[in-house]
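Two complexes are shown next, each including subunit A; its partner changes from subunit B in the first to subunit C in the second.
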Partner chain A sequence: MPYVPHTEDEVREMLAVIGVDSVEDLFAEITEDMRPQSFDLPEGLSEMEVLSKLEAMAAKNTINSVSFLGAGFYDHYIPAAVDALTMRGEFYTAYTPYQPEASQGTLQAIFEYQTGVTRLLGMEYANASVYDGGTALYEALMMAVRKTKRRKVIVSEALNPIYRVMLDSYTSNLDIEFVTVPHKDGLTDIPGLKAALDTDTAALLVQNPNFFGSINDFTELFAAAKAVKAVSIISSYPVLQTLLKTPGAMGADIAVAEGQSLGLPLSFGGPYLGIMTCNKEMIRQMPGRIVGRTEDSEGRTGYVLTLQAREQHIRRQKATSNICSNQSLCALRALVHMCALGELGLKRAARISVERAHICAERLTAIPGVKMLTKGAFGNEFAVILPVNAYEVIAKLTERGFVPGFPLGRYFDGLENGLLVACTEKTSEEQIGIFAEMLRGALK
Partner chain B sequence: MIPDDLLYAKSHEWVLIEGDIATVGITDFAQEQLGDLTFVELPEVGDTFEAGSEMGSVESVKAASEIYSPVSGEVIEVNESLEDNPEKVNEEPYGDGWLLKFKIKGTPEGLLDADEYATVVESEAH
Partner chain C sequence: MKTIYETSVAGREGCWPCEGMAEEAYIPKELLRDGDIGLPSASELDVVRHFTRLSQRNYGVDGNFYPLGSCTMKYNPKFTEVVAAMPGFTRLHPVLPQLQGAGGLCQGALEVMFETENLLSEITGMAAYTLHPMAGAHGELTGVMLMAAYHKDRGNKKTKIIVPDSAHGTNPASAAIAGYDVITVESVDGIVSPDALAEVLDDDVAGMMMTCPNTLGLFERNLPTIVKMLRKVDALLYYDGANLNAIMGKMRVGDVGFDIVHWNLHKTMATPHGGGGPGSGPVGVSEKLVPFLPISRVAKQEDGRFFLDYNYPKSIGYVAPFYGNFGVYLKAYAYMLRLGGLGLTRASENAVLAANYMRKRLSTHFEIPFNRICMHEFVASASAQAKKGVRALDFAKGLLDKGHHAPTIYFPLIVPEALMIEPTETENKETLDQFIDDLIELAELVDTNPAALTSAPVTLPVTRLDETKAARSMELTDDL
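Our next item is the complex of A and B:
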């Protein structure tokens, strides 16, 4: 289908039907002073001029550094098929057309994306996606608040602090009480979370692996939440999910994830993908679009939006959400990525990433004064405590093309010397070796 | 279709009062306006409501609407068969499609009889 909203001919046709001569006349009701005076746009440029201007701007970016930065966003390899398929004209648009008569391809792709992420997370249902992992977490929290009609939310401090800032911002005008249970030297305080649960609790928010990289099994904690009818919400990391116990197997009611690691480039923070999945009891509270498979009047398989009565175009202020646009193109990238790698490929990417991180941890902690913060099992990310402020090291190494990681002091008081380090299958052992030697030098 | 032996709320719920027990459903007019129901969300046994407060919702292929408690009291039974067969509300709104039962607190107030409710329906149907 064409994505041009209306041609000049169509505009003329529509004006003729309603009996108005021009677009100007259509908006005659809006007085002159209410109209935009100027859009403050520069004069037009030729294609060649625009290109050279944009190239000059793009050249200011640092693009070829070796990065050990993770903190919820990971530089995994993206197969060429992801770009090739998502850039096809049938899909490549900012708009998501949902009319079943015209959009079977798009709807089928979304349905298959939903199927893929539910299998990955071991959950029953998924929506067509939301903006990003943080938004998905906020929407999950609101599902729990609506379902339980309670307002207290227990949050693990080992949840990504970037998400915690987003939750504060999204809920600043809502009647919600957050109870934050501190991390214990980088570990999720499961007994502390359990103790905080009570019959006023709407939701419990945890993350696996947690922000410091630690791997957890929340099965018992989720059972404790169920006992007080609180909703268990887990934020997970899709790539590692092929190796870890799934949210579904742990008994989570809602599992969300930042989908960036499935085929989306880091590109300075977006666009990303908010994956949302839930069990059957929560489906009526799920915000946004959900595509279902059905049959048409002739018995042929077809795909349509389903459960739409929850949505804002029908329920307005009572809708499950009013910020629930789906990231269709990003969801498609995630689908192609999952399909191109397959279960085996995703598992191998995850395994290599974890292996590299363990090699890296060994190399870094062999340096005098560098200690592990992350205790017990970890995946492809871990935290170390340096003998100096992490920002110092980051500044020194970044200058030489190695971004060593994320400074924990940015969000955690008392962890100013903490550095969060991530590896993926793109991280070579050689790079790890150079990084370790550079760090050793920087600490001398 | 507005049975004489029931009382009605302006928000289109019906009530059958037997002693201190009230059986509640939505009216034939309400189910017809909504169209084929796909889901009925009901409160849990033990929940208490004031008359006029929101107690659940019904969802059809074209809309979702809140249902309001026509009386004050405690929920003592909900029609669990609606979870799998919400279409019963369309088929028999005054029979098998009942929603829930209350133990009434105080004296019900502000309910309409069949004739008064018929006037409400007439004004809304146009």
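Our next item is the complex of A and C:
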């Protein structure tokens, strides 16, 4: 049997020590009425057979198409060192660091990750446990609700709609009221959000760049939130955050992000990484694992899980969250990715992505009938309005190995002709040229 | 060991994806950040050495026995990593199947989802699965949300969820976070007794969360009675799958009457734990809960093609941005194909065999509060030794010095000085014997040289760490 080492002799010896006659005797408490009514599973395969079956399944997926899909999830280059280092068995096959002396590698790495993401977002503290950018946003919202003891949450409609639907699901049994402030032709309605703030507001949720790619400075808006003691929460895009004014500099209380673009492959939706950072006032509301620096009995520096009194394994139903250990390896990947590219490399990746997107926008809007939806500054993603339904164009181009982008009509009524287009440093100028020609052809 | 920030040298360059650099001409200055970020500047070799050294300061299953109770730290075969790294899977953008015409570009991935759900359904006897939950605790929350949706749909006003005192801390946390009051039922002789349950069960109870075998390693003998009692008040029964490794092929939770079950695929289906995730926490449900499962759901057309179905008006909605941790359940799928039905059954049998062997041999030196046939784990207690000043924590640290990871010592809360030991099926007899001999040797030190235990560990990069100082000083990042 695969991965079970015991020989028949050893099984007999062990049974003798236990004092039973057979392995089945160990399951005597599972009486006949509790036995399986069926267990109709295929026979096991050899490693070679499984690999060839899975290779055949992988081959049914087309990966040589050119894609301009983003919508918060981007195909950035991952240096080979990321895989090589994070796949080391000592990291990869370890558990949550409950025994800190035997887990200094994982603990120091989490500490370094906390340092990296707080510097990237300009915030004070970070955790390393949250599943993805959407659950990070939900956890942030719950931090605000606990802290303010209020129940109204103001949400910008220009925030990733995938996250907005997640928030709706998570809070469906809770006493929370959402006030959604519509976007204005792709722009975050800052005056509208400001007007919605009042002394009942627990949290304000915005995104930078917003879902349509447009870049904002929310400093004044966050100051207005502070004036009514509401918690400012911002979701941001970590790669662009190397260039953009930070959430911290804008005065955000909590900054979250989807960490996928820091060294995690797209992998059909996961595993991803929820980056979660906050300022000093919010730290005791923060869910999940946090690592702190300390000393051992001989005065040497070491690291431990800390502030555990907030957690489910101690506080049970009074915990800040049910999040247990999670995403540690993804956090490690993000850290190694940031270190391998370094300060300069990560900035370069961001700059080139931005440049390519601007070239792409220029080429696409040169096509008759194609107009920019995204107004003002944008980064590596932008939205255009086509003269026809975007779904039709996507279907046409996809047939020819080009995935032109995300159809805004999927989530926004009235934007059925809207197409969200993303570029990264992996997008070549040649691909942009072909894309423009194909779109021109499709619209004729 | 210095942090990577302390070793950073300004101007030293790592790798970057491509040459050429655009000016920041596209974004107005007032929207840009000021100054440097403070990320490391290091050569690639600097980075490789740093993380290699860090890794060497860790225990993992590849290097050490890891008998961490309730965590099922068994060996994770290597070939599943080859599967998860196939570009045909890693390069797929998750929005693809949601685009008209692009579903054809990812038929293989959708097939993996469909087949994985089918296998999990057959192993547990449930009607249908969602793979969306991204961890066991996330599966719990999803499960409780399903309970709420079910009761809401039936017009039931229910406010409480019952959780045994032996449950994982995530159970009460999940129930509370979904908006329920948590009612604890106390174990009798290590398991849930119908009498104790009757005292807390009423019409307000939405459901009960159970782990079986429970965290004491004991089989919940009274399950059939418990199921009947819950049915009477239209309460649902939730199965915490943390300990599923004990019962594969021996019991199907759906057949005995559970309505909802979550898996911890990284445990039972052997995908590495990564120092704390990512996991995968699929949730299976009985027929009556199918309409409430999260969307999207993968389905098969008559022509054999797979697609995503969003047409579930009673669905609880989205618990994940896409389809869960695809890369993780892909490994679990490959593992299930490798083992097949017989292999999974053997895994459970040998996990239970190993646990009972260890329990029996250790019972000469340690108190075993419930010293009867256990499932894949058991709880020993160091309370006798604690009276002499050597606590469970000291044994844990002593074991680290011997090259083993420690058992779980922080719960179950109902056993003082608990040592919760789970050997799993993948450890050979020599390893089990070595651990037993080492633990007995430590027990014998209690009378001769207790300081050797209370001052352990001494062989690791650091000695015992000051957790109070960490909480007080709150040094959670490197200073710039």
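By definition in this document, the second predicted complex is superposed on the first by the 396 of 444 C-alpha atoms of A that agree within 3 Å, B and C clash if a C-alpha of one lies under 4 Å from a C-alpha of the other, contacts with A are read in each partner's own complex, and residues count from 1 in each chain.
We adopt the following convention: a contact is a pair of C-beta atoms (placed from the backbone, for glycine too) under 8 Å apart; a residue touches a chain by one contact, two chains touch by 3 or more.
As the structure is a computational prediction, the values presented were derived from the model and not from experiment.
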{"item": "Overlay on subunit A: subunit C relative to subunit B, clash or fit", "value": "fit"}
{"item": "First, second, both or neither for A:R146, with subunit B first and subunit C second", "value": "neither"}
{"item": "Superposed arrangement, angle subtended at the Cα centre of subunit A by subunit B and subunit C, nearest 10 degrees", "value": "70"}
{"item": "More subunit A residues in contact - subunit B or subunit C", "value": "C"}
{"item": "Which of subunit B and subunit C A:L266 touches, first, second, both or neither", "value": "second"}
{"item": "First (subunit B), second (subunit C), both or neither touched by A:M14", "value": "second"}
{"item": "First, second, both or neither for A:K318, with subunit B first and subunit C second", "value": "both"}
{"item": "Touching partner for A:K375 - first (subunit B), second (subunit C), both, neither", "value": "neither"}
{"item": "Which of subunit B and subunit C A:K226 touches, first, second, both or neither", "value": "neither"}
{"item": "Touched partner set for A:K184, first subunit B, second subunit C, both or neither", "value": "neither"}
{"item": "First, second, both or neither for A:R284, with subunit B first and subunit C second", "value": "first"}
{"item": "Partner chain in contact with A:R310 - subunit B first, subunit C second, else both or neither", "value": "first"}
{"item": "Minimum distance between Cα atoms of subunit B and subunit C in the superposition (Å)", "value": "6"}
{"item": "Residues of subunit A contacting subunit B in one complex and subunit C in the other", "value": "314-315, 318"}
{"item": "List of subunit B residues in touch with subunit A within their complex", "value": "38-39, 41, 59-64, 66"}
{"item": "Complex contact set, residues of subunit A against subunit B", "value": "284, 309-310, 314-315, 318"}
